Every structure is written in structure tokens, then in C-alpha cells.
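Next come two complexes, and both contain chain A; in the first it sits with chain B, in the second with chain C.
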Partner chain A sequence: MIPRLARALSFRNLSLRDLLLLALTAPLLAGSVLAFLPALSAESSRQVFSDLLDAPGIVSSALLSLSAALATAAASLSIVLLFLAATQGNRVGRVVAKLTAPILAVPHAAAALGLALLLAPSGFLSRGIALIAGWDTPPDYLFVNHPNGAALILGLIVKEAPFLLLVCLAALPNLDAPRRVALARSLGYAPAKAWLLTVTPALYRQIRLPLFAVLVFASSTVDVALVLGPSLPPTLSVRILDWFTAPTLGARELAAAAAMLQLAVSLISLAIWIGVETLARTLYLYAIRRGAPQRIHHSHYTNLTLNGLGRMLLPTALLVTGGGLLGLGVASIAGDWRYPLVLPADWTAGHWIAAQQNLFVPARNALTIALGAVVAGMVITLLLLESQNRQKRHDGRLIWLLYLPLLIPQVVFLSGMVFMAEWLGLSPSVFLVACGHLLFVLPYLYLTLSGAYANLDPRWEALAATLGASRSRRFWRVRLPLLSVPLITAAMLGLVISLSLYLPTQLLGAGRVPTLTTEAIALVSAGSRGAVGTWALLQTALPTLCFMLALLAPNLFWKRRKGMTRGIQ
Partner chain B sequence: MLSHTRFAVLLIGLCGLSSGAEPNADEWTRLTQQARGQTVYFQAWGGDVALNAHLQWVALQVKTRFAIDLNHIKLADTSTAVSRLIAEVDAGNREAGSADLLWINGENFALLKQRQLLFGPWAEQQPNFALVEADRFPEMRRDFGVPTNGLESPWTRSQLIFYYDSERIASPPRSMPALLNWAREHPAEFTYPRPPAFLGTTFLKQAFIELAILEFGPETLTALAAPVDEQFAALTEPLWAFLDALHPHLLRGGRHFPQTGAQLNAALYDRETSLAFAFNPNEVVSAIARGDLAPATKSYVMTAGTLSNVSFVAIPVNAPNKAGAMIVANYLLSPEAQFRAAVNPRLASQPVLPFERFDAEQRAALDAAARAPGSLPAAELARTLAEPHPSWTTALEREWVRRYSGGGR
Partner chain C sequence: MGLCLDDIELSVGSRRLLALSCQIEGGEITTVMGPSGSGKSSLLAFIAGFLDPDFRTSGTLRLHGKVLNRLPAEQRRVGLLFQDAMLFPHLSVGDNLRFGLPQKTGDSQRQRDDKIEAALEALGLQDFDSRDPATLSGGQQSRVALMRLLLSEPQAILLDEPFSKLDASLKDEIRAFTFDCIRTAQIPALLVTHDKGDAESARGPLITL
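Showing the complex of A and B:
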């Protein structure tokens, strides 16, 4: 059925594919417009915007969101590039890359909670120092929730750097990095610098879109900001949510106006980034034109620094997340764990027993939604890819529409989508939430699969055709099996993304569709340390399981066909 | 599922009863039959694990007794449900709302009542409503001074109490001016949640009322019972002076405020602070039982008294399963459910039924529970302050946000 549909889409009517893309994007665009509507249709929209500008600390909120975006993207990118330059696919690099995959599966909120548990005045780090320094009460310092957003940015970096690393690792095989480096080294450059000068420009072009997604996400995150961000004033995204859920008169209009400001902030962060790109290009050209350094001595120290930073920073980021999870684990079974105890004085299973009574429905909902969104997303992605494939064209004028959910802040269009669903009479349900998740899963499925789809050697299908296989037979019997490994990887990635989504679940589900993620976040502010630890780990468990399956699946799936596990290109 | 016509008949039957009339047993039996097989979505704050567990137990009870499927939708903040209800009705959804039963209070109730978004009157027609003896306890019919008019049914009581780490302080401050002096001497050992978070607003109101009475005399209470007026600036003047002086001496120098009571407890437990407060007279008992507070924590009430109120459940006008919601509300009022919530040391809720309504065995168990470490003698809890009119709450929150949330300091 899929090939037939695909043929119909591609052969007869070129615009059908575009129509599909438009249909997928429609809720998003309509949601954005509807989100702005209360501000624009208010009796006096000028008044709404002047109220927004009068809101205490609104400029600080906007600047905080902007600086968090730029700092997160710049730091994450630097960390990843330095790491790749310093390791260049050596053993250390490969081991760290393997460890990165499961860290990617850790939901943002859980990672943020773990970080807070490490760095808060009563956290692990402080308890460790207390042991040596003999403190008996925690020091009164403000790092987590500091108005400068440092903790928020750190919490974002430890999640975004692993994401960018995996994106880079996926792009690198096509770039022939070793030969580029070899060439640069023959001109007298030290290895790390050689990598940075010759591989980065080509690599950067391939990771630009994910980087933009990082910028937009960091400028508008809600869950990380709730845990690590400041409260006086909070980030713009948190204020939008506050206003959106405040029952007071005029709050909805303010939320709508703030959503427009949020979109502007995200777009400005992109604009500034693109400006910096130009600057960086000039600097790069300058550095390259200057040629290899003549004074070997000087270059030696640069190389040492680059190597040191590269090897240190990314593993530190992974360690922080890992340590945070460990801390959450300890918290979840801690009995008496009063400051300054480094480890609990006694242990209890109480939090897990309490959680287990509440576990079934949220887990079932989370899995149903994730599976529904991924299966639907997979069908749509394959339709799009197969129709492109048959037309022998990969431009897809409207394909960028698919990426819009990554480039428009969630908090902007979701409020409008809630209103639209209400207006259409769609009551909150697992189905509605799954539809919402589909929008977020699709871009990642497409990103993951389009490369593999395009790179599959066309001769396999040509060979099948000479053996008389029909189009649909070739699709089902040749193409899909050959792509099984990327298909499984993409599906697992989709599941991981869906399982961690908070805002779409909470808003579209009206709280009536509890998932592990919404339950965990509901407890963040209100629950005890033990309950938070337990639910944060429960929230992490399913996506991690998916990632493990993704790593193991090729071997299980092709137990008797070892060649398939390497992925045929 | 209830058909629309049958439902209309039912509603006419119920609303036809005048408010305060004796419950009609036949009517209630019919309602119980209607409710069989309904799924009731109860939207209630979900931040207390013990309360969540209690509602699970309630769900089990109404399932076996009345064949009702009760789902507790755990809210991080009740205002979410309120704004959702407003949005639903604005969008024309008058029959298929997402909530059947809401736990609301104060300004949320006032707002929904004023917008006519609540179903009813129904609360006084419940057979168990008679047990609360509303004529003897008028607070069962008033939510922050606003008459409930049978639109909501009481289910638990609350009172603001303060508590402290007795290993670190010998005698805690028992008035707001004393608190300020104490904070100056003990910097960074106290904080309060950021209004408009519920508990933060409660602290704000407590400080406001105490300071206003000190400054302007007890007749101020009359002004507070009426909707907020042009006296606001003058009456709140002492409050802002107090907060301006207090903030630099708070935990984190007043540059970050927690969100919830759980965070106050965590700070007290970890010796960051030595003084905290909660809007539940048995908070210390239950928190010690849960392991969230140290056994040396002691509770007390301010000399001038503390804020107290009753929590209610209400039915949204667009609730699809009103019959089921009423049966659940009635069950929440039953001596059995009230006793269970009160006697559970991890929850230790304050019943809305008079003590005599429980049988001898239950009374003995409740007496024993009242002697648990951290509990307060009844005499101290008798010192209460009435909630001001809800419009004061909104005005106070707005002014606090205007003054402090921009991070000007």
C-alpha cells in the first residue's frame, strides 16, 4: 500500500507530496497564529503590548532567554569540535562516543534535576566539601537558579553537547576527515589544529540545522528552566506558561503577546548566530591564509591546550549527567540523609513502592503515545522519501516545513494548538497527544533516515529490477531490509524524543493524559527529594531501554546475517 | 454514559430543590444509579504523595461501592484547571469538559462563581453534608468569605502553622515584627515561597493581616472582609516596609524564592533554614512520618492567630459526569473517608466533620494520632484568623509581583 500511495503521490501529481507537507505543518502554523490572536484581537492590542513591556523584569527575561540560547549553542559546539579534534576517532574517542548515546536518552528534566542535586548548597558537592571542611550547615550561595542563568546554561550544555556529538559522528564518515588532516599535517599543522582547520568547515555545513534547533530549544525551554533557571524573573518561556495558565483577567492576552516576543527572541538568536558565522568565516580564512605556524614551540603549547580541553570538557559533561543520575538514584532509596551526611544514614524502598502503585497508567500512556507517533511518523517519512527517490530528486522545495517544529519554540505554537483542538471539539486524549508528538518526532525521523535513504546504492534495486521484481516488491523486499538498521535507529530515536516531551503532553492532554514525564515534572516542585529521584529515574528508564534496544537490535535482528549488522551503504 | 435527556431531567430535579432543603433520599438513590459506570476526572493538586495515595484508596472505594471510575488528575497548580475550564467554555464547550470535579479555594472559586462556570447548587443536597453541621460551623458555607451557595462541598480543613528546628533555635518568633528581628539576628535561616505560589501568598496574607491590625487596630478586619478598595495602598504600607526590611536577610539574600512547601521542608531538613511554615496543621506530624522533617521539628501558631480555611470540591458547569462527581464528593465527606485521611500519619488531614461524628473506636484512634510528635494542642489551633475577601489576595499578589519579581535588587 505504501508504494502504491507513494507512486500516486509522485507520479500523477507532484504537489500531493507538498500537500502532505502542508497538511502536517498546518496545525503548527495555525497554532502559532492562534497563539498570537488573543493579543492581536484584544480591544486594544497596543495596551496589551504596553502591559507586556511594563511587566516587571520582562527585559531581563527576554535577555536571559537570548543569552541562554547563544551561550548554550556556542559552548556545546566548541566542546564537541574540540573533542573531535583532540580524539579524531581514536580509542578514547570511540569509547566516549559509545557512552554518549545513553546520555542522550536521559530526558532534559531528569538531567537538570540531577545537576541541581549535585550543585545546590545542600547537594553532593557541598556535602563532600563539608566532610573535609567540617561544615555542619550548608553554605548560602546562589548558583542553581542564579539570575545570570549560569546553572540553566550548564544544564542545557550537558544535554546539547552529546546531541551535537552524535549529529557530528553521523556526518563525519562522508567527509573523509583522515585525509584532510593528513594533508594539513603535511603542511606543518599539529593534529588538533589540522582537524579544526580542515574538517570543521565541511562538518559545520552539515550540522547547521541541528545547531539551529539547539538555539531555538535553549531559548525557549520550559522544563530545564523550571528546575535550574532563575525565579526573579524567570525565563520568557516560563512566564508565558505562567500567564497562559493564570486564571486572572488579561493573562491570556499577556501570554499571547509574550509568545510573539518569544518567537522574536528565538529568531534574533538565530540572526545573531548567522552574523557570528560570517565573522567566524573571516577569522577562519585569516587563520588559513596565515599558514602553518613557523615557531614549532608556540604551536606545541596550542596543541597541548586544544588536546587537553578537547579530552576533558565533553567527558566532564557526560560525567555531570551520569553523576546526577547516580545522585537521583541515591535520593530515591535514601532514608535519613540530612546535611552534612555524604551518604544516607539508612535506606528505604518506600519511594519505589509508592511510585509503583501509580506507575501503570503513566507508563502505558507514554508507550502508546510514543509508539503511535513513531509508527505514523515512520509511514509519513517513508512516503516522503520514497516519492523523492522515485522522482530522482532530493531538493523537496517544501521539505523545510518539516523542520518547523524545531525552529518555532514549542511554547509559542502549543497554546494556539490547544485552542484549535478545543474549537474543533477534539477533547484531550491519548490520540490528540500522539498527534502532537508526531510533529516533533517527524523531523528527527526524516533527519535520520534521509541520509541513509539517499546513500543506499541504487544498484541493489537495479539488480532486483533486472530479476523482474516490481516496484513494490523492490521496496518491500530489497530497500526496507537493507535499511533495517537505520530504520530501527530512527524509530528508537523517535521513541526517545516522544517519551521525553513535556509541554505538548501537558498542554494537549489537559493533564488528563498522564505520562511518566508529566508525573515526574508535577513532583519536581512539590515532591520530596526521594519522590523526585524515583520519578526522574522512572522517566529516564523507558528512553534508556529504547536506546539499548537500538544498539542491540541490529545484532538480534540479523543474527544469521552478520553482514547486515554493519549496514550496507 | 448518561443520555442528554435523562441528564436534563436529573438536573432539573436537583436544581429544583431549594438551597438548604433536606436531601431527598429518592433523588439520591436515582443519582447513585445514574452514576454507575461513569468515569470521574477529579482535578486536584498532586504534590503530596500521601494525599495522592489517599485519593487512590478513595477511587478503590467508589469503584467497589458505586461502580465509578475515579481518576485523580494531578495538578501542579490548580490555576491550570481553572484557566482550562475558562478556555473550554470560551471555545463553546459546554458539555464535554475535561474535569468533573475540582479541588478549589478562594480566588479560584470566586472567579468561577462570578463567571458562572460552576454547576449547582448541589452540595447541600448530599446526604453527608448534614454531618458537617454547617449551622454550627459557618466556615463550611463560606470560602474566603464568599458564600458557597451550595456550589462546592467541603472536604478538608487547613490552617497556617509555623515550625522550627528545635536543635537550632530555642524560642521561635511569634509575631511578624519578632520574625523580622529574628531574621536580622539569624540571616539566611528563613524564606518563603514566591507569590503567586499558593503558600507564598498565604504567608503574604498572614503578614499583611497581622501588621495591619498592629498598625491600624482590629477594626481593619471589617475592611478586609469586604472587596478590596482604595484603602489598599494605605493598609498594605506596613507590609511592604516589612518585606523590604526582611528580604535581605532571607535565604539566598532574597534573590531566589522557593516554589512550594516541599522545598521549604527540604531546606529546613538540610539545616539551610531553621524556620518554616505550612498550610496544614498536621504538616509536621506527617512530614516526620514521611521522613521529610527531622523528629526535633516543633510547630506553633502565631500569637495573633493564623489564617485558616476549609478546602472545597466543585463541579464545573461543563462536567460530563456530574452524577458521578456528586457521589464522589459525598463519599469524601463520609466519616469513613474523613477518618482514614485523618488517622493516616503520613497525611494527617484535618477532618471537616465534628469530632462527635466519629464512632468510639475512631475517636480513640484520632486521639492517639493527636499525641504524635510535632502535633499541636487544640487550644493553640483555636487561634485563627479569617481569610480576607479573595479580591485582596489577587491585589496582594499583583503588588508583590510588581515590586519584587523583576529582580530589581
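Showing the complex of A and C:
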């Protein structure tokens, strides 16, 4: 009995890699549980929950978060699928795909700030209409911050659709889409419909996890909601943050109870989505079983509509973000800019000069945190991948733990991690924030590198070994240099992600570790249009720089080794 | 002496993949032919030391009397030549050659550079030391790959269909050059191929799986 028990409990089934994964996930899991503790350990936890339910507008807040999640995911997915079906890798498709990547480097907060500037009552759009319609006062309408959350959802879509597009583009090469489409077309289906019917099911299976991440993110985003979301009442996530940081007695208990509600909302959004998946599958089978269209003109209009929407929607989303950035740029150097004027009457560098004096500390913090998180994340990722490689094993049972930070609402486990840090006596610091960022950077590093690692021709290592190279020499002198291009790409992606993170910085830094992102968001309620524009652009600058480096670095680095940039691996 | 395969048996699960015994003397090129799936590549992986742990093996593998079975690949001194030249794309032509050059005590950098220079000259590739391997022609790449192998001073050579991707015009020339080098260096070699022509010009024993 005892030996059997001992064997069951022993760690012999756990490899070192599994232990590393568990150690990495421990703070996350502990945080998720600890987040609820203030509510559960309160003198009367029933009282805390009834207080939460009595909080004005709490149901609206929760429903807002839920609808934002579902609408964002559904709209982003539709936009991307229609775009892919309408373009199918043609020239337009390739150009738009190239433009998508830099848009992805624009932080959520900056994109949201740009969108607010475009669509506010006195924003660019309204000024443009005023020019034609002859308005001289801003119209009395509310879009940004409207209680229905439309602006919030739009702000999420313009960032999540490009993200999903890149995920799809990464998955597509293995699906042999052109042949599937050719087959369906030979059976009488028009191109876009052929793509949707034959490629989508295979593609969907591969993008399910990122899609779930989009759902959870949209249900719990804080920075986008602060800029674009309603304020009375705000989304659930924003209320958690408010309660969490409020100095009043009992607010933390309320925040903890709300965190439980947030987790429930995110899980419900996933559950509803999975339900919709089933429905979609049924509809799909129904469409298939109706058989192939017999007369071309019958499906002509459908095809035109599909093609038109597909070509229009995604580029519009990109244009909105690009236009928003342009607007931020104009605002940042605008002097006198009375309402109906489309462009400012005079210009000033004042906002930039003012920002310059406060720039150093936030920029240094942002860079230190990002570099720290990416270097640590890179070491961990390579450790995980190399140990798999040596044992000639696949990902292993526990690798899904790495993706948890994308599937649990940030605000939930981060608030628990703050309690944990307080108990451990860790004061808010750049180090603590970097540890938090590491959790968000890791899944992306792993996703980017595991494919490259697995695809590297095993003969390189065999060859090096037969030439007498030891394991470590093979790793440092063969594998790492051959993978240098994906390594650079992954590192830059990690930097982009870390530089854009708002909530982990704000919570783990307790507001005392300012970065470019937190400064830009802090200005939303208090700052002038010019200051917001300046800081939003400053916040965008570093990730954009990283993105350009990712494009240029391989060619500069391997200028004299053509085989390295021609994709010989 | 030489490379000695003693009652070698490879199997996956309960399926026996191949069984063979043979002895290859220095300078001799033994050819193994057989249909796909007959275990040719597994045999090479077994000798070089990369066989997937899923395989079960029995028999003794000896190189100049030393038992190789349990040695890691980098200590076996068994060299490999693939279908592709596989010059490391991140290293210059010279550094590709230096990669496998054994580190001997008392060997100065100067002597090592001289060795590389002499090797390049023997290939008719003087002044190619710092060249990007991607700029070499197919034939030049094959020759550099063979030279890299020889400079690593292997005690046995495995050839995995090394000429199958070459143009017909280049094939005979590279094949003759490779076999000549192996014979001159008196190294035992095992050639796996589909091509009868390879087997004929190897002029050694033929094993059909």
C-alpha cells in the first residue's frame, strides 16, 4: 500500500521541464485563487456579495463585458474570414497583410486614443462633415463612451482583427487552400464561397485558442475600456480596478467579489461561444447538404456581396487605426484648433517640449521591463524547447499551462498576485512588474519559436555531431545561429507586447512604476488633447521601432550570408 | 579491423526491419541497396548514432576494434555525407571547413589556417576562405562538403544517396572525386543508394536488403 502511494505521489513522472512549467504557472494559479480571498474570508462573505449585487449598474457592467467579448470575437473573425475568402492570397491580399503587421505593433491604448480622437463630437469625422454640412458647433451625440459600448467594441475590433489575420496567415500554408478551392470551384461553387466552405473548417481548428484569448481579453480589457468604454457604469474590469485601488474600507472585498463575477463572465462568454460553434457547425452542414449551386447567376449576388465586404472591412479597420495615429499626430502639434476647422489654425511644439521633461523615467522603465521580460522569457523558452528536443519528445502534457495567462482575465489573477506580493513583502518595483510581463510574453515567444524549432532540419544537428561537435557546441554554434532570424522576430514580438501592457504595469507597480503606456492612459481623464496625442505617439514609437528592427535586423545581421535570409532552413 | 557490423538487427515494436552482418575494410566502399522502407536510413542512423529510441537494436558495431553501440554520435568518428551539401549557411566556406577540424594540442592557429588553405587549393577554390557558401555552384558545394568531412578525420564514412540530387553532367565527376578521396584516405565507407551506377563505380561489395 505505502510503496504504491509513494509511487503515485513521487515526482518520477514529472520531468524537469514539467516542474519548470509548474513553477512558472504557480504565481498565476495562486493569484487566481487569492484574488477571491478577501471576499471569501471577509467576516460576512454573504454581505460582500450582496453589496456587489447592490452596487448600482453592476448587471449592466457585467452584460457590457459579456457583449463586448462576443461582439468583438464574432466581428473580428467574420472580417478576417471574409477578407481571406475574397482575396485568397492575391496581390491585394498580400499588400494588406503586409500593412497589417505594423498595425499590430500599435498598442491597444494608442489605437483607442486615436479612435476617440476620430469619432468624438469634435473629432476629425465630425469636422469633416461640418465642412460639407456647414455646422459650426459640434453635434450633440455620444459615440465614444456611449453606454451601449459600441465605441469600445469598435476599438477592440480594429486591434483584434489584425491579430486574428496574422494568426490565420501563419496557419494557412499548411492547409493547401488553393487545392481545396479549386476542387470546390470545379463542383460549381464561386470562389469566395468555395473558400469559406472548404478552408474555414480546417482553419478554424487551428485558430481556436487565439480566438478564445480574444474573447477573454475583450471581456476583461481595462485600457481600451478606460478610453472608449462607457463611464456610468463602466465595464466590470474597470470597476474591479476602481474598487481595488480605492482607499475606502470594504472596497477590496468588493473588488474580490467582482473578480469572481469577472471570471464567471469570461467563462460564460467562452461557453456561449462554444454553443455558437455547434450552431455554426449545423448551419455549415446544412449549407453543404443543399448541394452545389447549379446555375452561376443564382449565386452571383452572394458572391459579389462576399467579395465586396471581404475587401472593404479589414482595410477599413486598418485605415481607422492609421487615421487615428495621424489624428494623434496632428493633435500633438496643434495650437489653436477651434471646432469647424479640419486642421489647426496654428501649430506648436509645446506638448512635445513639455513631454520631453517627463519622458526619461517612463521610457527607461518601459525598456527595462520589456528587455528583462523578453530576455528571461527567451531563456525559459529555449530551455523548454531544447529539453523537448533532447528527449525527442513532443510539447508534453503541461505545455497548455503556458497559455493560461491568455485565458484567465488579467484583472483577476493580477489582483491576486498583488496580494501575494504584499504578503511576501515584495514592494512594487520594476522587477515585480517585469515578472508580471514575463507571464504575458512567454506564450507568444513559445508559439513563435516552437514551430521554427521543430521545422529546423534535424540533419544539421546530425551533421554537426558527426563532425565531432558536442551537445553544447551544436546548440550554440549550429542551432542558435540557424534559428537567429526567428529568434530576432520572437524577441521583437515580445518587446512589442511588453511595451503595450497596461494592467500588469499598473497593478504590480501600484502606480509607482510609470511607463509610457501608463502615462498615456493617465492623461485620458485629465490631459489636454495635445498631451494625449503626444504621449500616445510616444507610447507607439518604441513598439514600432522594435517592429522595424524585426524586419531589418536579419538582413543587416546576415548581409554577407545570403543563405540565412533566403529561408534555407 | 575497419567497420564491422556483427549480427546487426533493427526492429520497431515487433517488426524486424533488417538484419545484416558485414565487414568493411579501409578504402573499401560497400553499397547497400533496397526499396524504400527497407531500413536503409535507419541503418545509417544506427551507425552514426542518431537512431530514434523507439527502435530496438541488437548486435555489435565495431570501428577499428572499438565498440560503438553506446557511444554518443560526436565521439564515434563516423562521418556523414547527405543528398544536400548542407554547408552551414551562417558560416563562411573556410569556417565550414574549420568546424570539424579536430582540436589537437600544440596545433597553432597558423597551422590550422595553412591546413584550410591547402584544402581549398586542392579543391581549386583558392581565396574562397571568407566566401558566403550560398554563392558557390552546386558542384563546388559538394566538394567543400566532402572536404569538410575529410578534414574532420573520420574513421568511417556513411554516404546517404549523396549524388542523387546532382545534375547528370556533374554526377560522374563528383562521384569519381568522392570515391577517389575515400580510397586514397583508406577509410571504410558504406553507401546507401537507389542508383545502380553508384554501386558499379563504388567497386565494392553489394548488399541488397
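Throughout what follows, the second predicted complex is superposed on the first by the 551 of 569 C-alpha atoms of A that agree within 3 Å, B and C clash if a C-alpha of one lies under 4 Å from a C-alpha of the other, contacts with A are read in each partner's own complex, and residues count from 1 in each chain.
Basically, contacts are C-beta pairs under 8 Å (C-beta built on N, C-alpha and C of every residue); 3 or more make two chains touch, one makes a residue touch a chain.
Everything quoted here is computed from the prediction, not taken from an experiment.
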Margin query: Once chain A of both complexes is superposed, is A:Ala541 in touch with chain B (first), chain C (second), both, or neither?
Written below: neither
Next item on the list: Have a look and say if chain B or chain C is in touch with more residues of chain A.
Entry: B
Next item on the list: Check the residue A:Leu467 against both partner chains and state whether it touches chain B (first), chain C (second), both, or neither.
Entry: second
Next item on the list: Pick one for A:Leu104: touches chain B only (first), chain C only (second), both, or neither.
Entry: neither
Checklist line | Partner chain(s) touched by A:Pro230 [first = chain B, second = chain C, both, neither] | finding: first
Check: So, A:Asp140: does it touch chain B (first), chain C (second), both, or neither?
Finding: first
Checklist line | chain B and chain C contact sites that coincide on chain A, given as residue numbers | finding: none
Note to self: Going by the contact rule set out above, which residues of chain B touch chain A in the complex?
What the structure shows: 41, 43, 45-49, 52-53, 56, 71, 73-77, 79-84, 86-88, 91-93, 96, 98, 108, 111, 187-188, 194, 196, 251-253, 255-257, 259-263, 265-267, 269-272, 290-292, 294, 394, 401-408
Next item on the list: Sort out for me which residues of chain A touch chain C in the complex.
Entry: 392, 459-460, 462-471, 474, 477-478, 481-482, 484, 558, 560-564, 566, 568
Notebook entry, point to check: If you look only at chain C, which of its residues touch chain A in the complex?
Noted result: 45, 48-50, 52-53, 72-80, 82, 84, 86-91, 99-100, 102, 132-135, 148-149, 152, 154
Next item on the list: State the interface residues of chain A toward chain B in the complex, per the touch definition above.
Entry: 56-57, 60, 121-122, 136-138, 140, 142, 145-147, 230-233, 244-248, 251-252, 335-336, 338-339, 348, 350, 354, 357-358, 418-419, 422-423, 425, 427-428, 510-512, 514, 519, 521-523, 525-531
